[in-house]
């Protein structure tokens, strides 16, 4: 055996440095939520306080966007779960004419830059004179969330032994019983993971949303406005922490749900 | 008596691939029927046609006289033991076994009692609460068997059920399966590529080749009277004499099979002479390859008989009736 | 024992076919007899959604880009015209396009350089727990909130922020000021310079480069790297002649993401950067405050066209195996 498994020092330092580069900036968000300085981004903070959490709680302009974001994320997750699982069930094992085109169509909404998806929807709403509403936001979100559920579900479908479905039919179960008693329990955690990721993606989405929301404000749009025209800067940090945690926790859960399999949660974002 | 399973000119084509091509067969009720053949010969597709996982592109399938060609698997009174066992990974052993009753709407207590009975039948009492992942290969196989029997099928289909087991376990399971079949009195249809398994367990063997049945018969018929060169070769790797050679030794001028164990080594009455090119020790005896004019012959020398040396010239002796004339080359 | 003790059951006339129980059985039987019906049933809903909502919208985008705006009334004139695309060729608009493409290229290059050690380390040396840690370490930033990440950098790059503090602390403020004094890429502060914009783009899209690169490197057999070292090649030679070509499909795959995501972004340059616009900002402003949807649509078609050209080249290089 060659003992070549020890990495060169230079490589180790740059690799770990790269990972730190990816993670350290987020910590600043947390630090600045406690600063006493509300006008600038002075570092180090002149003093520390927890008052901004209370201030944020009492700011009435935060709650409606939060509700809207949660509503949109929940609804688009449900829609993505239904549409994505149907696609995965159809595509996991069968080969048919046009299959590749359909996979491309599923991936496209997330593969193209958000601005194209957003501008496309905006163009369509303009042509068809559709007024902005929760539904217009939802149309965009559900579309790019389908692929997240699809990826997770299709990987699990492929990992399941195909003969367990046959075994169920063989033992007298019809298609619906097989779905309920065999497919769904085995698909469950993959769907949960896919749903978590879809929720996180939707909750945090801003680029497509700005094109489909009109005058409505989701939490990310609220944050974006605060970034451009700040007032009480640390409050933005408090909201950023809320957004961060609301997306971070589902992602972590999704990772643990799909760990150990060939599938990787979120590999397809 | 109606046949348990009957195929009338059944075909299953996948595009241009003829997986099953005009098969006729009739399996009598209560037999242990083996479908033997190399991979890709169509035996597994035939089994899947019986269970309903494949639909014939031509012909008719009858189970107990009823046309089943258009009946889905869940409504056929046949059950399958899968090659990979296909146990439901999210259910414990008891729920796996009871599954067939559960989907029929049998109440929990009854189906659990019944599952315990079947687990006892396959000698797995007390394993009900375990998950399939915690069992050994042999135990999983028994669970699959118990699960397939809970609906009391009249025909049990087994798709290479012993393929994943090691040799010792496989031999023990062969005996058990045979005993179980005799006890239950139902029809077993068994797919295997292992000719030893087929010959030792089955009442009837169908040898498959390229989507067709090459021969159906009892194990001794298949072994001793192979109808084609393929059967002779695949079952017990027989010597095949060319038509010309066969006629030289007094048989009709057609290819003939000659089993290695039918040949003796000796000078008296030797029909052929040749040089020993290889010896292979097999435990119960030794297989010797002898180069003769126009080819080579395998000779099986049982334990205790003197062995020639590598390269020695030997004479080969066999009875005229040991040569079995085949239909084609 | 129980089975043998039930001769009555065996004596029953053999029933080959079980009765149908209800609608579920009947529908299942239909699906069994006609698998295509099942396929169509499953795909109908998602396909209608994707075709109508998504492809329909893309078609609407194209359609809009061939409309024009009436200069007097400000209304959209729904007649076919190429004049909107003609507007793209005005110097100001061409500047926007060139600036965006240049930034995308710079971000992609930077991402390749920074991603490589991480991907190489994760693919070759990380084992067990470290492997999981590296995977999470790349995956979590990829998935965590985009806006939060951008905001974090606004804090970092601010004039009174941590970088200024750190450079002052080590007495390197002259270097920082020197960099900011550079023409074109410099500016008033990091948060209003191209360097700042570039850094944030790089940070936000970096994971998209690491993952495909790592996937490509993991497919390179360990022995191939060792063989090169055994033959006396220096690390640098191994890197240049063996590893880099093998990682190339992954790099191209990653660059598709970094390039296209940079081209389509309008938030980062709006928050961190100078007032000079990128394609994304142009699209956003034109469709919003300016109300010129046709020109916005035409602008949005530009990244599509550039990406199509890029993808055609990438496909020839075999980059799609690494996706």
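By letter and in written order, the chains are A, B and C; residue numbering begins at 1 in each of them.
As a convention for this text, contacts are C-beta pairs under 8 Å (C-beta built on N, C-alpha and C of every residue); 3 or more make two chains touch, one makes a residue touch a chain.
This one's a predicted model, so the numbers in the text were calculated from it and none came from an experiment.
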item	value
Graph class of chain-chain contacts, one of line, ring, star, complete, other	complete
Pair of chains whose C-beta contact count is the highest in the structure	A-C
Between chain A and chain C, centroid-to-centroid distance (C-alpha), Å	14
Geometric centre distance via CA averages, chain C-chain B, whole Å	54
Intercentroid distance (Cα basis), chain B paired with chain A, Å	53
Per-residue multi-chain contacts in chain B, two or more chains	52, 72-75
Interface hub residues of chain C, defined as touching at least two other chains	18, 25, 28-29, 32
Multi-chain contact residues (two or more partners), chain A	172, 174, 177
Parts of chain C lying in touch with chain B, wherever the complex brings them together	1-4, 9-10, 14-20, 25, 28-29, 32-33
Residues on chain A engaged by chain B in the complex (per definition of touch)	161, 163-164, 166-174, 177, 181-182, 185-186
Contact footprint of chain C on chain A as seen in their complex	2, 4-8, 11-12, 14-15, 18-19, 21-23, 25-26, 28-29, 32, 40-44, 82-84, 86-87, 89-90, 94, 96, 102, 105-106, 108-109, 111-117, 119-124, 126-128, 139, 142-143, 146, 172, 174-177, 197, 200-201, 204, 206-207, 210-211, 220, 223-224, 227-228, 236-237, 240, 243-244, 247-248, 251-252, 255, 259, 264-267, 269
Complex interface listing, chain B residues touching chain C	2, 4, 29, 52, 55, 62-66, 68, 70-77, 117-118, 120-121, 149, 152, 154, 183-186
Chain A contact footprint on chain C (complex, rising order)	18, 24-25, 27-29, 31-32, 35-36, 38-39, 42-43, 45-47, 49-51, 53-58, 60-61, 63-64, 76, 114-115, 117-118, 120-122, 124-125, 132, 134-156, 158, 160-162, 164-165, 203, 206-207, 211, 226, 229, 235, 260-261, 263-267, 270-271, 279-280, 283-284, 287, 293, 296-297, 300, 303-304, 307
